[in-house]
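What follows is a pair of complexes built around subunit A, which joins subunit B in one and subunit C in the other.
And now, the complex of A and B:
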């Protein structure tokens, strides 16, 4: 990709001021404006909408017409809606189960990939391919693959595969978790691979001199040393799982019944299918709060040095 | 003797890990193989043949059908939106990361950095309703720009994080010596930081490009007319239209993924090393 990040021509008026100042404090002045384009765009399309979600949750809006203040009525109606606990439950179910599947698998694969044999590099290349497909493409593929009449099971005449995978509540959730893992385990195993490579080899040498086997080494050295990597990866998984929209939307559209209606889908259905932007904004606000709370929780779990880890220090 | 035992132990467990690695490879590859094989079958072969058998009479009809639809336009839209997002996104994120590292000590920049980091923890897709309102008010609804602007904003947090990690690694002495030679901040950004962080710039470009190319939610909500569709959305509508013709749908899956796979094949080393370095510290 050569088309990326062209050196931008310096605006004439700024270069002179950038030259001034040589102390650390003076230096931050002329540099600081360079952050402004990113800040501006992030504020307009990130921070303002973040506040906007909260504001809109107190209004009535059908998506087209005028917006009216609505007080707490949206919050009251959403929080007392029996749909909400169900959506929250499904969201947590998907989040926790997909975390529980992905973390051990990617940890083991990442540790394995961090070894030195040549074919592992080859494996790493192939592992990455699912990440290249859009969630829409993946959902469409699996929908056809799992079709009880013409899919995998029927073609291979395997009874246990010939189920109505997407037509039964528990199976549909299982399918979602499998596909999510299929898609994202490769990514997380790469993160772990990078983490394992940074563990000093001397630790393993010392351990093996002390007679620790590889299993013991894995649990006594690799896992503890990867603490921050596990937190980073888990944060990405957990916060990311709140945004599983396209996959589920295309795969099941929330069905069967409401079995896979996660919060993001709930928001979409209320807002853009039922034209109730107010209640949908309440759901959106809940998603934001949930994401923030989970990220902070995971950060706390990581201990005090996590901050500098996440900032890459 | 001691060494021999150790080597044997190592081999045994490697074998175990290797088995797991190859099993996962099968899990990854089987569906991919099935997509490609099925996309070359005609309808009757799809209904009658073993799903994993190679097509007895491979056909390109599915691909012809897809290409003769509006596929080229959707493809072009996706290219415009992707390039239109990553070039400015990476450029402004690079500038921001440069400022955050070089201006360390400034409260303002530390605050901005904190704001971007917060963006990492928040699922920004949840802000889609206000974004929708904003786009309508800006009279950008149903345009490609409506997809580009929020995409740029959504890609800033991660880009700044990864890029600032790399700029931080540039030795301070290099900046100092350039400064002594009379270089401006712009000169140092272009002459020093840019070449030294090029791998990270490529990584971030590809990573963001992937997210935008595969993006579904923004096109679904911010566009309406078929002429403004991008590939993932087109794929979805195509699936609705051709739901009986699974091989044709799978051919369109192949066609939307192929450009990315080619890009990946070309730049994978860079992408993989950049990703592992960018996330794991």
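And now, the complex of A and C:
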């Protein structure tokens, strides 16, 4: 899921590009052709489908017969569809809540795992396992565990676990956010672990000499030093959450009612279940726009003062 | 698992996407030697069908018999898992790369093929093979007919929706099986008082809820109510009988007629059947295809004679004929209009000689199903298991005696309408929309 998010360019500072400006012109010649294979793949699998979707969004097509031009009618009908604000709301709900759950947990876990003791390496492997499972498998497993009649709660006779987890709107959203977090916290912990290990030990030594405790060190050194790691990880979470589909599709299929019907699911249902490729393409285009806007916004948040990232700079 | 169109839909709507995803990677389509995956028109007649026993074995045997008897015109097969098939067939047909023989469920899906000129008109084929046509249940032709012309041949099995119940639960509650809708409403508090859920329901799959509405619409308003919707008549969802049926439905839900948490139960995991055979629920409205699984997974539930079944009871004052039933009148085979003349001939020969021949009908009955052929009746006397024999006779009589055998709505309607319907049914069962809202949401997509 996060892997499908567009790669986030390292925050290129204005100063850096300005400095490179003069020498880059001379070097770009022989180097540029090396980009070709990647560029070709990007055009064939990225740009061409994107343009295809845009074209389809202005047509009427059921996937079988002829394609008819439809002007702006798909856009009009989707943008005025009362379902759309709901889907966008659910998408943002999942995005923001799963960000709010994942960030502190992965930050703490990552900081903890950045220590050097041997058992932490073992724990790191354990924590990492959820990310190795496929979303569909995770969804099926959780669905079986949460089953109100045959699941974990009923099996162990635990009353509080015996809820109609996926049958009630609020609970279902909560379950989705929990499982998404469970799945992706390992990945983000890994990023934070790497980030924490980059922080020079001298800072902590200096802080200890000044009498700062572990909590004070965490908030005054670790968190500020991880600013760019946090932005990178958040960008991956936010943009990645726009494409949440498989897990939710298998787990709730957008239900109960349409409580967990996120944009990607909305697109799938319109396109492949209702045979309305035009409106589905409109939703697809909206997802792309939303993803771009969010990625740019997050870059803007952290992109202006890149210079001090490196020690001594 | 006894794979049927129903299970299939359940799979699509719910859990087994994993199977479908896995199919994309490793266990993709399996072709017979000599055929290429997605054999296009022109490279010999091809036939795509679904995996899953016992259906898969019967289909393979049919093709083998055909190929053995026709050395000159061989039929090549490609087998797909349920989910993979539904995706692949539509894309392949849309791209003009479909198989010669198109396996499907008739109804709205077939209609979309017809409108795109993708399937062959078989009206002449049936008039030339009048005997073949007469051997098939007449009710099965409805879903194969578009604008008065037959575009598919009903093949394989007939599976009506049946009201199953647990005889042990009725003994425990000291109650009798319901004879009317009023009885059902009276039974609800009795079972709830005993700690048994009145009805099991796999509500997350949505089409499971739809079966209830299909029967209530028919029993209250008669077959015309849905026929008007099917024909695209404006505002037919707000027919007074339709509104009454929707209202009765919500009354049953409000009275706790269904097991707690039904909206998170899916049918594809067979959890709804398990609720019935483990004694947690007293009754269940479900397709005839569930019998096989209840027999194999339910311990002594079927073999011990605890399973009871009946056609859906009448509603007092309702206009519907109580012999009517709903469900799958059959599965369907169409011939691609893009195939070469020779391939079309091969396909027609296969349809005429091998799909509902004696050996096929016998194989279907032996597998616990009633074939769409009238000759199924003759095979029933050979069934030695008393439970199976009673069950198959019941399914045969229900299907053969039905004045009207309505095809499941989600198959009868166009994909656009079907998806809106399933969405709104889920909301109706959640009590988040009223019958009036349901009707107006559905009226908005009539004819689309």
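Methods note: the second predicted complex is superposed on the first by the 270 of 313 C-alpha atoms of A that agree within 3 Å, B and C clash if a C-alpha of one lies under 4 Å from a C-alpha of the other, contacts with A are read in each partner's own complex, and residues count from 1 in each chain.
Convention: a residue touches a chain if its C-beta (ideal position, glycine included) is under 8 Å from a C-beta of that chain, and two chains touch if they have at least 3 such contacts.
The structure presented is a predicted model; accordingly, all values stated were derived computationally and were not measured.
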Subunit A: partner with more touched residues, subunit B or subunit C: B
A:229 touches, of subunit B and subunit C: first, second, both or neither? first
First (subunit B), second (subunit C), both or neither touched by A:250: both
Which superposed partner A:237 touches (first subunit B, second subunit C, both, neither): neither
Subunit B versus subunit C as contact partner of A:65, first or second or both or neither: second
Subunit B versus subunit C as contact partner of A:274, first or second or both or neither: second
Subunit B versus subunit C as contact partner of A:111, first or second or both or neither: first
Partner chain(s) touched by A:133 [first = subunit B, second = subunit C, both, neither]: first
Touched partner set for A:97, first subunit B, second subunit C, both or neither: neither
Touching partner for A:213 - first (subunit B), second (subunit C), both, neither: first
Intersection of subunit A interface sets (partners subunit B, subunit C): 63, 134, 136-137, 140, 144, 150, 246, 249-250, 272
For the subunit A and subunit B complex, residues of the former touching the latter: 1, 3-8, 10, 14-15, 18-19, 22, 24-25, 27-35, 37-39, 41-42, 44-50, 52-53, 55-56, 61, 63, 105, 108-109, 111-113, 115, 120, 123-137, 140-142, 144-145, 150-152, 155-156, 182, 185-187, 190-195, 197-198, 208, 213-215, 229, 232-233, 235-236, 239-240, 242-243, 245-246, 249-250, 264, 267, 271-272, 277, 280-281, 284-285, 287-288, 291-292, 295-296, 309-313
Contact footprint of subunit A on subunit C as seen in their complex: 13-15, 17-18, 21, 87, 90-91, 93-94, 112-113, 115-118, 203-204, 206, 259-266, 269, 271, 274-275, 280, 414-416, 418-420, 423, 426-427, 430, 432
Subunit C contact footprint on subunit A (complex, rising order): 62-66, 134, 136-137, 139-140, 143-144, 146-150, 163-168, 172, 246, 249-250, 252-253, 255-258, 269, 272-276
Touching residues on subunit B, where the partner in the complex is subunit A: 6, 9-10, 13-14, 17-18, 20-22, 24-25, 27-29, 31-32, 34-35, 38, 46-47, 49-52, 83, 86-87, 90-96, 98-100, 102-106, 108-109, 112-113, 115-134, 149-150, 152-154, 156-157, 160-161, 164-165, 168, 179, 182, 184-186, 189-190, 194, 201-202, 205-206, 209-210, 213-217, 221, 231-233, 235-236, 239, 246, 249-250, 253, 256-257, 260-261, 263-264, 267-268, 272, 275-277, 279-281
